[in-house]
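Each of the next two complexes has chain A plus one other chain: chain B in the first, chain C in the second.
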Partner chain A sequence: MQPESAMTPGLEVTVLVSIGRHPLTGRARRADQDARGVELARSLADAQVRLLHAGERDESSEAALRGYLGMGFTELSLLEQPEGADVLPALAEALDATSPHLVITGERAERGEGSGLLPYLLAERLGWPLVSGLAAVESVEDGVATLLQALPRGQRRRLKVRLPVIVTVDDAAPAPRQSAYGPARRGAFEATAGPVSVDDEWAAWHVQPARQRPKRLKIVKAASARDRFKAAAAKAEGGGGQVLTDVTPTQGAEAIFTLLREEDVLR
Partner chain B sequence: MLDILLPILIFAALALAAIGAVRRIRLWRQGRPSPVPVLRGLAAVPRRYLVDLHHVVARDKVMSNTHVATAGGFVAAMGLAIVVHGLGLAEGILGWLLLAASATMFAGSLFVARRRRDPPARLSKGPWMRLPKSLMAFSLGIFVVTLPAVGVLPAGFSQGLGSWLVALVLAGVVAWGLAELVFGMTWGGPMKHAFAGALHLAFHRRPERFSTKGGEGNRSTGLKALDLEDDQAPLGVETPSDFTWNQLLGFDACVQCGRCEAVCPAFAAGQPLNPKKLIQDMVVGMAGGSDAHYTGSPYPSPERGDRPVGEHHGTPHGPIVAPASTKDGKALVDAETLWSCTTCRACVEECPMMIEHVDAIVDMRRHLTLEEGATPGKGAEVIDNLIATDNPGGFDPGGRLNWAADLELPLMADVERAEVLLWLGDGVFDMRNQRTLRALVKVLRAAGVDFAVLGNEERDSGDVARRLGDEATFQSLARRNIATLAQYRFDCVVTCDPHSFHVLKNEYGAFYPEGQESDYPVWHHSTFINQLIEAGRLRLAPGQAARVTYHDPCYLGRYNGEYEAPRAVLQALGVELVEMQRSGYRSRCCGGGGGAPVTDIPGKQRIPDMRMGDVRETQAEQVVVGCPQCTAMFEGVVPPAGDEEVAVKDIAEMVAAALDTTPEAPPAPRDASTAQTTEEVMS
Partner chain C sequence: MSDLPRRDPRQEWIARNRLHPRHAEVLQEMGQGAASEWWGPGGLVRRNPHAVGFVGPNGVKRIDRSGTQQGAGGSSAETSNAERKPLVEIDAPAFMIAVVPDMAGGRLSGHDRDLLGLARQLADADPAARGAVVAVVFGPHKEANFGEAGIDRLLHLDSPEVTGYAPEARLGALIMAEEAWAPRHWLLPDSKLGGGELGRRFAARLGERPTTGVWQVEAGAEAAAGWHCTARGAAGSLDIRRPLPRIALALAECAEPVSETRHAAAELALPQPLPSTLSRIQDLGQVSVDPSGVALSEAEFILSAGNGVKDWQGFHHAAEVLGATEGASRVAVDDGFMARDRQVGATGTWVTARVYVAVGISGAIQHLQGIQTCDKVVAINMDPGCDMIKRADLAVIGDSTQILEALVTLVAQAREEKRDAA
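Moving on, here comes the complex of A and B:
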């Protein structure tokens, strides 16, 4: 340790990592966005990075979690939770106890509900600010982080946020490094039992693979390459449509029905 | 005078050599343990030298005769000199024999000198340039000092005042020769190759490569399995001392002849790899120091012409490749050097010292991939795909047979047994290779072969993962493929992918569960088609009046020794075959092996472009290949302006096009009613 970094207390970062699911084969893996979060954390100078996962521990989830260890970690904290449990209280308690400066997580999980709500609920519970869609953490000085938020079409917004903060990353964050097999299998799980709250609602849900939705074809009438490029790069425009207020349910249903017919969704 | 000096010189040289030997052996012993049969190994040295090593050396006739004269002369002369001059036993024939031996050696050294007059670029200079002089000093010196012993010169020759000077000069010359040839052997001079080389032959890590009285050696080209059992053990080779001791010994045996450099496709393409320099770097690392004393061709560099020597340094226990965190990013070898290799084995095939470059390179890659997670280029993505989808392209593993929707290929899962298990390979996802596969299916059907495919149960063979150093993914794929294969009965496996062929044939054996073993032959489709032709099961209509050349895929040729079958098939097709200058065991790689297209290390030119240049030299209209990688690499080559495109054809496509589809001459008498029913069903 160099003397100056010993003097400035290191930035404590916790990355929430979940178990991913390969889109084609459904195999468990490190979740892509969470892995990007880990990569982001690794790129921070002087940061003490801790990996935290709340969930079940079995063979396939362990293999997937080792994917994060292979990014250069010796241990991963594991809050053991039974299948179908709501991990929010356990995570909130663990974060409250360790009080890191920065919590990084992916935008949404690749399995389970995948609603993308967890970071928001967590921020609400802890009373911390939340910044979504992060592209980079530019600097952290005197308890204030300068963040670069990714907006659509490559735009970026610079934000200053007082720590502690929860940030989420999506595909705009740098791609995760390769997970190396050796460190991955040597890494240890630091398992603790957290409070368990059973998610009754989830238990009642029926989950089935989603069917791919057909994509709306963009019809471009362009004579030149320049027009085609402009059309491709143009913002998706709202336009059209109508706002119905104060209508009866039947009228509303009829309007929707007509639209679906126009769009050829119903024939 | 000389009677006193010579024994002193000889025994002093021997003593120094013994001390040097102990020091050298200690250097090798820094490596990991690797048990060898010591006595049996030593006993095998003469045969391994005279038969196996000479088999390689003899490809260059002049050099091999030179070596026989020089080395044979030296061994005899040294042995006799110990008796004649060391022990003073010059009686009778011994002195004459010594004269003959030293004369032979002198003749040999004249040839060595001639070769050193204008040495080709592949030879190292530096101390090697003085070697012919040292050889001459030894042989001439011994010759002259032996003359009085046999009485050719008067005994008074070395008496009297003026002869003092002569004696001293002679003693000096002999001392020079002894220094270079005897203790230089163990203290690191050019003659080190003799000492290390002999022991390397004795304790080679792949003893099965050598012939025995019982028969030929085998190629032993499968990579050695990495033990993944111990989950705390560091994986692969990080420092020179992580090699096994006999690998280190092997590196030390290098004579810097540069034959490997001359055939290396990556070196020729200007990528930063020179197998000879790599081996020398390992020697530098083993002893500790910098590469400043290296006097051969350096690693090429696409930007700077050559990478200067002297910037890299290593120690036995220091990292070979600088970890990402080091400041100047330099250690013994740059990572790019290791990733430039296509694992084509041309270097191993040419090396007279039987050094195993590919093993060493893959060992170091294993560390980079498994411990550092530093597979360059698209490597990491390919490995992730292999883990998640069992194919390098990340395609849906449920779509392996989409290309054959109309072919109704019999599935092993349905038929459970077949004469041939057709291993399709990952080419199923590649539109170009699908054409080859269709052709192969057509040929098999024409020959009435009972075959079946695994379909979606097939996975990548693991070849790329393994060459990229990801032994874990390879072993996982191998084990799962083996379990799938074990469910079905078949007589043999046939594949049109030489990489799958090699892995299934030579590398899966180590991964069978206890008590099981692979009990089926694996054939490349060219071999199998040739068998069909020889058995008269295929009717061909020769008449493709094409002028073709044939490219030997590395994994079929050098890895598995199959040079004949594809040529026999071409002959049966009646096409005119013109050989490229580099064909057969000297075939030049297409650039597609070893994950090289994935890691994509830049060079001055591309390997497939060079190979297509070889093809164009033959003025063939078509180049016939037997590998999906080669096909892809060659089809990616843009012909030079004004040149015509050379068609790239897989051998299966050639055969499919030549199938005789005219109805069999006299139709076998059949039941007329059956023929009719068939027709009715058609409508």
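Moving on, here comes the complex of A and C:
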């Protein structure tokens, strides 16, 4: 069950985990996409998975991080950083030192700025390729990974990339397993101190809880009173649709076929 | 000289005189099918009430007095409306605002237009020194009206390296554009793939700290750059207010799209050709996905069945051949022909399909609510008076079983021909 103890370490995978925020209660939890990333790493054959977190260590964050340990890990590497610090240099240094084959992260953090830039900055700094929005890792052979990228509308794209690579995980990736309580309690943190760089810009910005975005108004620019009235009183009806009556089934099917072809939905 | 209106009194007289033998001919010459309005010899407007109006549904002649329905018809009025927008040309821009639209499906999306509206706002803030909006478009496109979206300069890159999924080649092209013109701001849509990804890569390469998830930009009183933006942070739970940086990734509805003016959309080219870089990410193309596995709410193409479907085997076969996701109306689900999670409508799933084919669905209001956001609706139904026909863009009245069978045959034939050609 523990791939770490395998005799021949195959693929070295590091998952960057962060502390999530429950969307309703605001409590600390394991971040959804990061947990999906851990699940993805667990599903890889003979992979040596390592968890890495950079951030503050206190009671609530420890509880959240134990959620990842409960997914079947004995330890988690923790780079201790003060609150509000930029974790990029510490993470880059740690990854440079261990040089894993595959780094998995979520798309964006659930706390702080949450700009989703970290994987891109890491990739730029380490000089590794980056693939975003992953749904699955199909295979890893001879240092080449075949990946499935999630596209909108449930579509998938197959990509091939040479290791080492940084990948980010989409919501379409398999749902994470439940965190088991016992392993979560038994798991240990391996804390190290990394370089600290303070994020001054963040402190200068004005941050407040999100307020509701104003709804866009429907602005009618009409020259005549009649047009304005029509726009205000318009019923939502398609109108102008083409109706084919008294046609043979073949003619009807041809019309539909032409439309489907124009819309390019037939593959 | 030539654009002075010249009047020929004799022709006008003939046009007025319906009994004149050359009456119809002269009307043709004057460019009116049937003259409904002309200037009389005394300088008065004369109207012919017999030439205006249309026959209403009950056979009664109706005259629309608003002036939209005169004589020849309103279509020419609409086209002239588009041309009546003032053309704005900025020959010597003080600065550049670069926009990289997503061009989903080869056309400017609503998100792209909002972003261009925002770019115009930034470019036109100072009327003494106006900026130009440059759009960088990758790959082939189907868009014809770049100018009306507010684009002054268009950089269209169509080489094979940047088509398809090629983030690294596109990044290289953006870097070249940055070196060539050094735009004051770069605006990209903060969408899942495309702008959101490319913008972050670009910012990381330039070493600039961008702002992501921008939904509001306002002119600030004291800020150095003059603009403040409000961006969403922390998975949408925070509002971050900060000065607008050089690179901004904006959400949809961040500004109003351009609607009052037309712009030149002059072609622009990079000073040097794109360097051929070896991409580290190899695109193996889209994977065919099992359509029944796609969630109904995000399926692109739905074949939906209702009470009018009798041959369920044939329906499932048709969905399989067409590669469509199956949906159903409430009746079909209640009768046990389809699973509950396939129900479309107010009590089921609200779908966002691009093409929705409703087979034997009469269109209850709850069902029509569920398909509100669908682009194209095709209805196959026996009853020509039902509500679904009114909603549909294409309606075929007939027996659904036979029509689906014919459709399946057609699609299979087309596939066969394609395979033979390949």
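Here, the second predicted complex is superposed on the first by the 202 of 267 C-alpha atoms of A that agree within 3 Å, B and C clash if a C-alpha of one lies under 4 Å from a C-alpha of the other, contacts with A are read in each partner's own complex, and residues count from 1 in each chain.
Everything that follows uses one rule, which is that a contact is a pair of C-beta atoms (placed from the backbone, for glycine too) under 8 Å apart; a residue touches a chain by one contact, two chains touch by 3 or more.
This structure is a prediction, so every number in the text was calculated from the model and none was measured.
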| item | value |
| --- | --- |
| Which of chain B and chain C A:116 touches, first, second, both or neither | second |
| Partner chain(s) touched by A:186 [first = chain B, second = chain C, both, neither] | first |
| First, second, both or neither for A:201, with chain B first and chain C second | second |
| Touched partner set for A:233, first chain B, second chain C, both or neither | neither |
| Touched partner set for A:71, first chain B, second chain C, both or neither | first |
| First (chain B), second (chain C), both or neither touched by A:253 | second |
| Greater chain A contact set [chain C / chain B] | C |
| Chain B versus chain C as contact partner of A:178, first or second or both or neither | first |
| Contacts of A:221 with chain B and chain C, given as first, second, both or neither | second |
| Sites on chain B touched by chain A in the complex | 231-232, 234-235, 369-375, 379-380, 383-384, 387-389, 394-397, 470, 472-473 |
| Contact set on chain A toward chain C in their complex | 21, 23, 26, 108-117, 120-121, 123-124, 129-133, 146, 148-149, 151-162, 201, 204-211, 213, 216, 219, 221, 224-227, 236-239, 241-250, 252-257, 259-261, 263, 265-267 |
| Touching residues (chain side chain C, partner chain A) in the complex | 66-68, 165, 168, 192-193, 196-197, 200-201, 203-205, 209-213, 215, 232-242, 253, 256, 259-260, 280-289, 293-295, 298-301, 322-324, 354-355, 357, 372, 375-378, 380, 384, 389-399, 402-407, 409-411, 414 |
| Contact footprint of chain B on chain A as seen in their complex | 22, 24-25, 27, 29, 70-72, 177-183, 185-186 |
